[in-house]
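When the chains are written out, they are named A, B, C, D and E in that same order, and each has its own residue count from 1.
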C-alpha cells in the first residue's frame, strides 16, 4: 500500500516543506533553451541563473530533479509568479494525478510507474508547469532520468520537437511518462497468462499468494492510471489557449494510450478474478477427491473387519469354525465382498 | 490474452515502424475508381501509380493489404497529407477501435474478428482514412479479403453503392467488419446452450475448463466490440461534414447491430455466470452425496463390529455363548440392527 | 436463449428477405380508415388496394400480420417512400426494440412478450411506421391478434381514440404491447413468492433448477423491456412533430408503466439472488447436519469397539475375565461410556 | 412482495376503476379553506358542495380518504379539468412515486410507509393534485389520517403555514409522508445492530431467516424511497411556476431528508451483507469444529482398537500373552498411545 | 452504526430544538474581528454583544461551540436574517454534509471525524454560515476546539489569512475539517497492512472480527466523506459570488484532498475484500488439511485392524496360527501394509 502523505492538521495551506528524507540534498537543475535553429543546454548551480535567460522568443525548459531544497522552489515561484498551491503539490510526493489551471499557467501532476530491482512497483511524482514560453518540470527523485530520450530528440532536432513550442514539449514529457506504463502492463499480462496455465496443474497455496500480490499491484496501478486519463482528457480538450491546435492530436493519441492501458487493466482484473475462481474450485475439487478416496478405503474395510469379527466370536455352536475349509471359506467371503465393493466404487467413479 | 504492442519508451511519437513479422512482405495495393456510370479496377505495383488518377470527380478507393512496407505508407501520407499519428496507428496492429478527426479527414480504426481453423478468436486490424473524394483502407493481413463482397457489389452496380460517395463506401466497409462479429456471437450462443444442457448431467472438470475458456473469449470479444460501438455512435452523429445525411441512417443501422451484439454478449456473460454457479453447486452436491453414502456405509458397520466384538470377549460367564442357538441369536441381532439402520437412513433419504 | 438472426456477412445492406419459415405464407392485410364521424374496415387481398384510399383526411391504419411475402413490403415501401432499412428491420424478427426517425416518418420496433401453452416465454416482433396521416403496423405472426381490443375500441367510438390522429393510434398500439408484459411479470412475482416459501422446507435439487429457469426467463425479459423503456422515453420527448402534445401525456403514462415493470424485474433479480443464497446455505446446512449425525454415530461406537476388543485379548492374567460378574461389568462400562457420550453430544447439540 | 396491480390488457387507457376491495365504501371528503386571517373546515357529504366555495382568494384543500366511489373522482375531474390519466393513477394503488406536469396542474404520487401491528411494512398511496389556488389530496385508505398534524398546525395558525399558498401546503403534506419513513429506517437500524451482536454468539438457522426478512423489507423500502427522491428533486427544481421561490428551500430540505434515508438504507444494505457473510463463515467454522472434534475422537480410537486386536490374535507363540504383567503392559501401551495422540492434537489445537 | 436523529413525524418544519443531552449547557461564543492591520478577539457572554460590532469593514467571525441554548440561535437568526431551515440543521447533529444557498448567504454543513480514546470513530457536526462580511461557525461540542490552529494563524498574521475576506476564512475552516480525516485514513491504511501480513500466518476467528470492524468503520467514514466531496465541488464552482476568484484555487485544492481520501478509501475497500477472501480461503484450506490428516490416520488403521481381526478368528484349520514364526509373520504384514500406505500418502502429499 502506498504511503499516505499529508501535512499535520492545523498547518497553514500552501506551506512549502521538503520531504524529510530529501532535506539537504541539492536538486539537479538543468536549463535547455531552443528554437528551430539552435539549442543551448546548461546545468546550473544557482536557480537565479535561470531567470535572466528567458526573454528571448525561445522555448525554455527548466528541469529540476529532487525536492530537497525548498528555497529553490520559493525563488522559482516568486520569479515566475507560480501559485503557492502548485508549488506545495510539486513538493509533496504521492499526490493524485491532476491538472490545475492557473492564470496563464497550467499545472500538471503525474505519477510515473516503474519496477525497481526487487520487482516492486514504484511511483515517482512528476510535475509540469507550463507557461507561454517556458516549461518547468519537477521530478521527485534525482538520478533516474526519464526525460533523457526527449532531451536527446531535442538535441538531434529530429521529429517535430524543435519546430514547436512549450506545449509540444509538455506533450513529449507527458508521453514519456505514459510510455513507462506499457512495460509494466505487459509484464502483468505475461504473469496472468502464466497463472492461467499453472493454476490447473498445481493449485498450491503459493499460487493463491501470487494471485493476491497480482491484485494488489493492479489496484495500485489503477490508482495511478485512472486519474491520468482524466488529466489527458482535460489537456486534449484544453480551453486555456496554452495548448495549440497542432499539439492537440498528439495529446489525443496519448489519451488513447491511457485508455488502452486502462482497458487492459480492467481486462486483467476480470481475468484474475476468473483465475482465482478457477483456482479455488480446482483446489476444493482436489481436496474433495482426496477425502473421497480416504473415505472409500475406510469404507471398504468396515465390512471386512465385521466379517473377521464374526468368526472371532466365541459361541459354542458355530458350524463354520469346524468346516474343513472354513478358513478358506472366510477368505473367499472377504475377497468377494472387497471385490464387489471395489468394483462398485470403480463403476461409480468414486475410486 | 491478446499481445500488447507498443513502441519502446523513449521512441519519438509518430514513428513509422512495420510489425517485425511482416517486414519485407510487399503489401497488395488495389485501386478502384467509380461513379454511377463506370468503374475501373487496378492492382498497382508502385504506390505512386495511385496518385495521378484522383482528380476526376470519381470515388477512389485505395485498398492496402499488409503492413510490410513502411515506404508505401510514408509516400501515401505525403501525397494525401495524412497525419503521421494516423499512419502510425494504421501500422501498429492491436490498437483499440477509435475514430479520430483530422482536418478534412476522418481516421477510423476497427478490429475485425473471426475464428481461425483451430477455433481460436483472431482479431485483424482494419484502418479507414476517409477524405472528400477518396477512401484509403488498410488491412493488417493480406490474403484474407473481407472487403471482397463490397467490391463485388460495386462491380455489379447493385444497391446504392455506385450512386453514392466515399462516405457510403466507408459505411459499406465498416458494415462488412461488423457483420463478421455475428457468426462468432452465434457460435458463442450455441455453446452456452450446450453448456446449460450438459452441465446438469455430467459436471466433470472439463466442463469447468470449457466455461473458463468461454469467459476468456467473451472478455476478448467485449474488448473489441465496446469501443466499436462508440466509433459507430460518433460516425452516425458526425459533425465534420464528411458523412452525408443520406449515409447516416445506414450508419445508425450499423450502430444498432453493434448494440445488439453487445446486448447478447452481456446476456451471455450473465448466463455463463449462472451456468458456472449451477455447475459448482451441482458438483458440490454430487460430492456431498458420495461422501454421505460412504459415511452411511461406514456408520452401519460400526455397531455391527461392536456386536461381534462383544461375543469375541473372553469372559468366563457369558451365558449367550452357551445357548444352543447363541450363534443364530447373534446373527439375528446383527441383521435386525442393520435392517433398522438401513430403514432409518432410507427414510431420512440419506441412502 | 433467443435465436440470433442476421444476414450472411457480405449481404448488401437493406436487402429484403422473408424469414425462411414464413416464405410462401400470405400475410393478412387489414385497412381501417376513420375519423370522428365514421369508420370503414376492409380486409384486402392485394396490397395495391390500400393505396387509393388514403387521400382523404382520415386516419388510415394498415395492419399486416405475417412476413411471408416480400413483394407486399417492397410495394408498400415504394408507395409510402419507406426507408429500405426500416423495411429490412420489420422483416427480420428478433431485433432489439428501437425507434428510428426518418424524414416525415417514425419507425418503432417493439417486442411483444407472452407465454405459450408450454409456459415458455415467446417474443413476437411488432413494427410501427407512423406517417402524418397513416400508420402501418407489421406483426410477425398472423393468428395471434394483439391489436384486436384497439380495433374494438375504434369501432365502438369509445374513449379518445376516434377523435385523435394517427399518433394516438400509435400510442394505443404501443400500450397494447406494453400491457402484455404485466401478466408475465405478475406470474414471475408469484413464482418467486412460491420459491421463498418452499425453499426452506424442501431444498431439493429441482428447486435449484427452478431458480435457474427463473433467472433465464428474467434475463430474456429484461432484454426486451430495457430498450423498450428507451423507445418510450424518446417517443414521449419526441421532437419530430409527428407526436402531438395531446398524445404525449399518454406516452408518458406508458413510459411509467415500462419503468414499473423494470423496477419489479430488478427487484425480482435481487430477490431471486437472495432465494438462491438462502437455498444454497440451507442445503449446505442440511448436508452438514447429516454428516454430523453420521459422524457422531461412528464416533460413539469407536470407544465401545475398543472396550470389547480389550476383553477379547488373550492375555493369561486378565483378572476381569474371571470375575463372577465380569461380563455384566463389561456391559456396564459399555453402557456408561455410550450414555456419557450421547449426553455430551446432546448437550453440545451435535445430535 | 408487494401486489402488482394493472388493468387487464386491452382495457382503454384512462379507465377509472375503483380497487375491488373498496367498491361501495364511501370516501371521506374534507374541505379546508384558509388564508392568513381565517380558516374554515367542512366535512362534506356530496362532492359538489366543494365546487361552489372556491372562487375566493383563499387556499382550498380538498382531502379525500378512500377510493371506493369512482363517481366522486369523475365529478372532481370534470370540475377541475383534471387529466384522466392523473385520476386513473390516483385510483390505482401500488403505483411508483412520480410527479407529472399537466397544464396548470402538478400531479404528485407518493407511497407512505408504516408498520402495521404485525410489524409488517405497509405502503399507502397518497396523490396530490396541485392547482393555482387549490390542492386535492387523495389517500388510499380512510381511517389512518397522516395529514392530521398538518391540519392541526393550520388551525393553530402556527408557523408559516397560514401565510403561504397551496404550494406550501403541498410541501407540508409531502413532508408528512417523508417523515413517516424515519421511524421505519430507525427500527431497521436497531435490528441490524441487534443482528451484529447476536450473530457471533448464536448462529442458528433462525438468524439466517431474520437476515433474509430484513433484506426483503429493505428491498421493498428502497422501491418506495428511490423514486420519491426523484419526485422531490423535480419539485425543488420546479419550472412550472406552481411552486414559489419561497417554498423551494423547504422542498430542498425535504429532498435532503430523502437523501439521508437513502444513504442509510444503502449503508444497511452493505451492513446486512457483511452480517450475512459473517454469519455464514461463523456457521461454517462451527460446523467444521464439530466435525473436527468427532474426527479426532474416532481417530484416537483407531490405533487403540488395533492394539487390542493384536492381542486378540490366536497365534500360538505370542510371548506377551504369557508375560506376568502382559495385560498391564497392554494397558500401558494403550494409555501411552492415547496420551501421545491427545497431546499431539492439543498441541496442534485440533482438540 | 451512527444514531439517526429526526423530529417526531408531525412536527412543524424549521422547529428549533436543542439536542436533549445538551439542553441547559450554555454554548461558548467567541467573536474575532480582523482586517489586514488589526485583530480583536472577544469571548462574549450574551449573544447580543456580537451584533453591535459588525458595521466596520472588518471580517467578523462568530464561533459558537455547543448547541445547548436555542435562544442564542433564535436571536442570531433574527439579527442576521438566517433561514430557519439552516438554523434547524445546525442544531440537529448527525446531518448529511451539504451546502445550501440562501439569499446572500451560504450554509455549509460538514462532519468532522476523529478517533476518541477508545479508538472509536466519532463524528462532530460543524456548520458554517457565510455572509458578505461575516462568518458564523457552529460546532456541535464545546471543549474540542478544531479551529484553534486557524485562530492562531489569524493572530500571527501569517500566510494569506488576514489579507483576505470571510470566504477565505470559510476555506480555512473547511480545510481544518478535511485535514482531520487524514490521520484516520492513515491509521486505516496501517491496519490493513497489518491484516495482510497476519492473515496468512494465524487465520483465527479474531481476525475475522477485526476485518468486520474495519469494514464497519470504512462504511461510516464513506458516509461522511462522499457528500463532503460534493460540498467542496459546489463551493469551488460557486456561482453565488460569495466565494471570490482568489479563494477558489484553495477550495479546489481542498477538493483534491477529499478526492484523495475517497480514492484511498475505495482502495481499502477493495483491499479489505481481498484480505477477507484470502482469509476465508486460507482458513478453509487449514481446516481441510486437518481433516485430511485425521482421515489419513483413521484410514491407515482400517486395514491393520482387519488383519489382526483375521488372526483373531477361531477357525480350526488356520495354518498360520501354528507356524513357528506366525506371530512375527503377522507383525511383518502389519508393518509392511502400514509402510506401503504411509509411503503412498506421503507420495501423494496427503500426509
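One rule holds for everything that comes next: a residue touches a chain if its C-beta (ideal position, glycine included) is under 8 Å from a C-beta of that chain, and two chains touch if they have at least 3 such contacts.
From a predicted model like this one, the values you see are computed outputs, not experimental measurements.
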| item | value |
| --- | --- |
| Classification of the chain A:chain B interface as same or different, half of numbers criterion | different |
| Separation of mean Cα positions, chain E and chain D [Å, integer] | 26 |
| Length of the line joining the C-alpha centres of chain B and chain E, rounded to whole Å | 43 |
| Multi-chain contact residues (two or more partners), chain C | 284, 291, 295, 298, 302, 305, 309, 312-314, 318 |
| Chain contact graph, described as a line, ring, star, complete graph or other shape | ring |
| Contact footprint of chain E on chain D as seen in their complex | 148-149, 152-153, 158-161, 171-172, 175-176, 179-180, 182-183, 185-186, 189, 192-193, 200, 249-250, 252-253, 256-257, 259-260, 263-264, 267, 270-271, 274, 277-278, 281-282, 284-285, 288, 291-292, 295-296, 298-299, 302-303, 305-306, 309-310, 312-318, 348, 350 |
| Residue ranges of chain C touching chain B (in the complex, touch as defined) | 1, 4, 6-7, 9-14, 83, 85, 88-89, 95-96, 98, 100, 102, 205, 208-209, 212, 215-216, 219, 223, 227, 276, 280, 283-284, 287, 290-291, 294-295, 297-298, 300-302, 304-305, 308-309, 311-314, 318, 320-322, 324-327, 330, 334 |
